[in-house]
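Look at the two complexes coming up: subunit A is in both, with subunit B in one and subunit C in the other.
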Partner chain A sequence: MHLFLLIGLVAFSILAILLRDLLKAAISLAVASIFLSVIFFRLNAPYAGVFEISVVAGLITVLFVATIALTRSEGDVRESKLPMILFPFFFVAFISIIINILIVRHLIQIPTVSIPPVSGSFGEILWRQRTFDIIGQIGVIFAGVFSVLALFRSRGRNG
Partner chain B sequence: MDSFWVLNIWFVAILMFIGIYCLLTMRNLIKLFIGIEVIAKGITLALIATGFAKNNIMIAQSLAITFIVVEVSVVATALAIIINIYRHTGSLDIRKLTKLKG
Partner chain C sequence: MIFLFIAVPFILASIMPLIGKISRRFLPDLLSNLALFFLLIYAMTIARQLVSGGGVVHQLYFFGAPLNIILLLDGFSLFMLFIISLVSFAVTLFSIDYMEHYGAKGIYYALLLLMIGGMNGLVLATDLFSIYLFLEIAAVASYGLVAYGLGHDELEASFKYLMLSAVASGFILISISIIFGIVGSLNLSDVASGLKTLNFKYAVGFCSALFILGFGLKAAIVPFHAWLPDAHPSAPAPISAMLSGLLIKVSGIYAMARVFLNVFGLQPHDYLSTVLMYLGIISMLVGAIIALGQNDIKRMLAYSSISQIGYVLLGIGLGTPLGIMGGLFHLFNHAIFKALLFLNSGSIENSTGTRALDKMGGLAKRMPITAATSAIGSLSIAGIPPLNGFWSKLIIIIALVEAKMFAFAFIAVLASVITLWYYLILQRRAFFGKLNETWKNIKEAPFWMSVSTIILGLLCIIIGIAFPIIIKSWLKPATDVLSAGIIYALNLLGF
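The block that comes next holds the complex of A and B.
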């Protein structure tokens, strides 16, 4: 079951980059996000799954669709067909290399660091054990908001 | 490391490959950004899978949520920049941006 979910995630990601219609590509990306959030729920991470399905599959898809609607220029960019034809060959080559590196177990001798499992509920870890990086996160959110405001305001001033 | 973690990391590597291939070959700005989103999905999956393997899923979840918030901020900024580029150049083609050369 987990393997099928991972294969679905990869398949819809491939569709998202290979489809010529941008709207279909954005919707494929949303479907890939839904697969990823189901994987999170199965890995016992419900909060991350909820964030993934609401923010990434919802909000980011809406932002993509709004941008595609505002630009309306699917036809003017001519993608060359060569990358799409060559993609399966590169893909198979990459998978075979990865099989050689990762599946053959003796090649990866990653040292396992034994960290004791952290006790406590999710809320305690999210709000009490993280202190300084919350300030950074708030800074990132404000940076996003102010950059969007600045970009659209400068466009209005120029006419 | 257990084989379940290796399976997940294997698919993370595939997602990274798909995103980087998109970044290297496509010309549409929105398509390039979809490639960045695919890479971001791989990173989130790596975080959660590693937390699951290490029995530290709570910290992994809080890191993943932080990453998703940062990702949304980046998406909003980048799409605003893309709309502005479209209004300046009338196209989404990345080759038209060579006009910026001095």
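The block that comes next holds the complex of A and C.
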């Protein structure tokens, strides 16, 4: 089952890159992230799954679609034929990598250090154990926002 | 309060756009310079006293309750903090005049401070994921700063940089997640002890390869350098100085050295050491040879950065205490003279409006301060005694000879000769010869730009003369941390 989910994830991720029509690309990305969130749920990471589905598949897609709708020029974008030719190659390459990893995993026993299972709620883990990362996350968000402000400032050099 | 190194830039950055609305120039200039001057003095005085008895692990408290923010200040991280503060201060001084015509100084300083805070956080972090996260802050801020001029070239360079840097981040993240899967922890000490207990060489080898790809892309070592010759010249000059002087070293070399030496336990003459040394040699030669043919002054400096990073990697990759010391000393010197040379190129561009060497000529007559400081920087980077670059290259070459790697030592000398060659070309074409008629009315760089380059130029001379003091007070503690290897991580980080 995981294999099919991974294939779906890879296929839609590649489509998101190759498609020229921004709207189709944004929707492909959303579908890919739905596959990813299902994988998260199946791997017992419900919080990651919820965030993936609500933020990436939901919020970000809405923002993308809204922006595309607001800025779209008239007329349809013609899809280049290149993606149609390249897609199968990419797809086969990725699938073979995934299958290879699965085979290698069966052949080589990767040793791991045994650790006690992590207990505590999502909030506790985030606030108590990864506090420093929250500061880092805030920093990344600020950097992103200020970069956008810098790029979209008025072009008048004194703006 | 080691946390100030992260808190001061971040807090100031978060309010800087608002300050920029109140006062367009004065307050952003003043506050940024004051903040960085404070951090520089702090690193030189209080923080240095803290590490005098070895490293300190610092936990943060919030109204008496312990927070899980644990920072490590040791000889190596303090050494990096000192370089970051020093170069950043010179850059903000230079920005006072230089960024005048770009506008929106508030946002510029906000991004610059975030980049500095990100680098400081990376240096102080004790956890692989935190290292990754702070590396991303510095990187995201730098994408915005490279594109700050909003021209076609800037945007293209920034996009290319973003794409390759994202790939690098991907490699780093995959490696971190594999390590987490195997060891079950991200803490540097737990990872070091976990990997040592398991003794599973394939995993360490695979993760090392991914880290070399990731950090190598960030450090722009050949063959992962494609983004740098576009990104560094396109950015405004102070940002080029930050990127070449600091960012490639902190997010590439620092992270690589910390992980490979303190966590993976790199030993002289093992596979990892050999790979790093070969990458260093290739970067050194390829960067130097391509720099020879450049006409754009900033592009030449960018290729020169690739070449000089090769020296740093060669020294650190060698893994012997002397090699590490040489590598770190060259990292320190390169941060100073490459920042100086990029700022000089900014002064020239500010006065003449061009970066093309064939259009310059005789500028020394009109811009004596820029010409003099640039000559000092060029001679330093080429390794002319008694300037600082000479000593660091000498230490690296002695370390190579001591390790009986004569071929590497010979190539290091050869690359140094090529470096001298292209910097003489730069000096001759830009500053000497007959003054081009077009430039007969140009003026020397404005006051603060000149002050900044004079400080860096003087530092090149002072460090060259007083290098034993620098080695004793700053380099020795940093070298001790790295050469203690994995034992250091197990002892000190095992809080």
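Quick notes on this one:
FYI, the second predicted complex is superposed on the first by the 102 of 159 C-alpha atoms of A that agree within 3 Å, B and C clash if a C-alpha of one lies under 4 Å from a C-alpha of the other, contacts with A are read in each partner's own complex, and residues count from 1 in each chain.
Just so it is clear, a contact is a pair of C-beta atoms (placed from the backbone, for glycine too) under 8 Å apart; a residue touches a chain by one contact, two chains touch by 3 or more.
As the structure is a prediction and not an experimental result, all values here were calculated from the model.
Once the two structures are superposed, subunit B and subunit C can be ranked by residues of subunit A touched, with B on top.
By the touch criterion defined above, A:95 lies against subunit B but remains apart from subunit C after alignment on the C-alpha atoms of chain A. Judged by the touch definition given at the top, the superposed model places A:85 against neither subunit B nor subunit C. Of the two partner chains, subunit C is the only one touched by A:131; subunit B is not.
Residue contacts after overlaying the shared chain place A:71 against subunit B, while subunit C stays out of touching range. Legend: residue contacts after superposition of the two complexes on their common chain; A:153 is shown touching subunit C, with no touch to subunit B.
When the two complexes are overlaid on their common chain A, residue A:143 makes contact with subunit B and with subunit C alike. In the superposition on chain A, subunit A positions 108, 110, 112, 115, 129-130, 133, 137, 140, 143-144, 147-148, 151, 155 are in contact with subunit B in one complex as well as with subunit C in the other.
The part of subunit B that touches subunit A in the complex is made up of residues 1, 4, 6-11, 13-15, 17-19, 21-22, 25-28, 30-31, 34-35, 37-38, 41, 44-45, 48-49, 51-52, 54-62, 64-66, 68-77, 79-84, 86-87, 90-93. By the touch criterion given at the top, residues 2-3, 6, 9-10, 13-14, 16-17, 22, 25-26, 29, 32-33, 36, 39-40, 43-45, 47-48, 51-52, 55-56, 59-60, 63-64, 66-68, 70-71, 73, 76-80, 83, 87, 90-91, 94-95, 98-99, 102-103, 105, 108, 110, 112, 115, 117-118, 120-122, 125-126, 129-130, 133, 137, 140-141, 143-145, 147-148, 151-152, 155 of subunit A touch subunit B in their complex. Taken in their complex, subunit C has these residues touching subunit A: 6, 10, 13-14, 17, 67-70, 101-104, 107-108, 110-111, 114-115, 117-118, 121, 125, 127, 129-130, 133-134, 136-137, 140-141, 143-145, 147-148, 150, 181-185, 194, 197-198, 200, 202-203.
Of all residues in subunit A, only 108, 110-115, 128-133, 135-140, 142-144, 146-151, 153, 155-159 touch subunit C in the complex they form.
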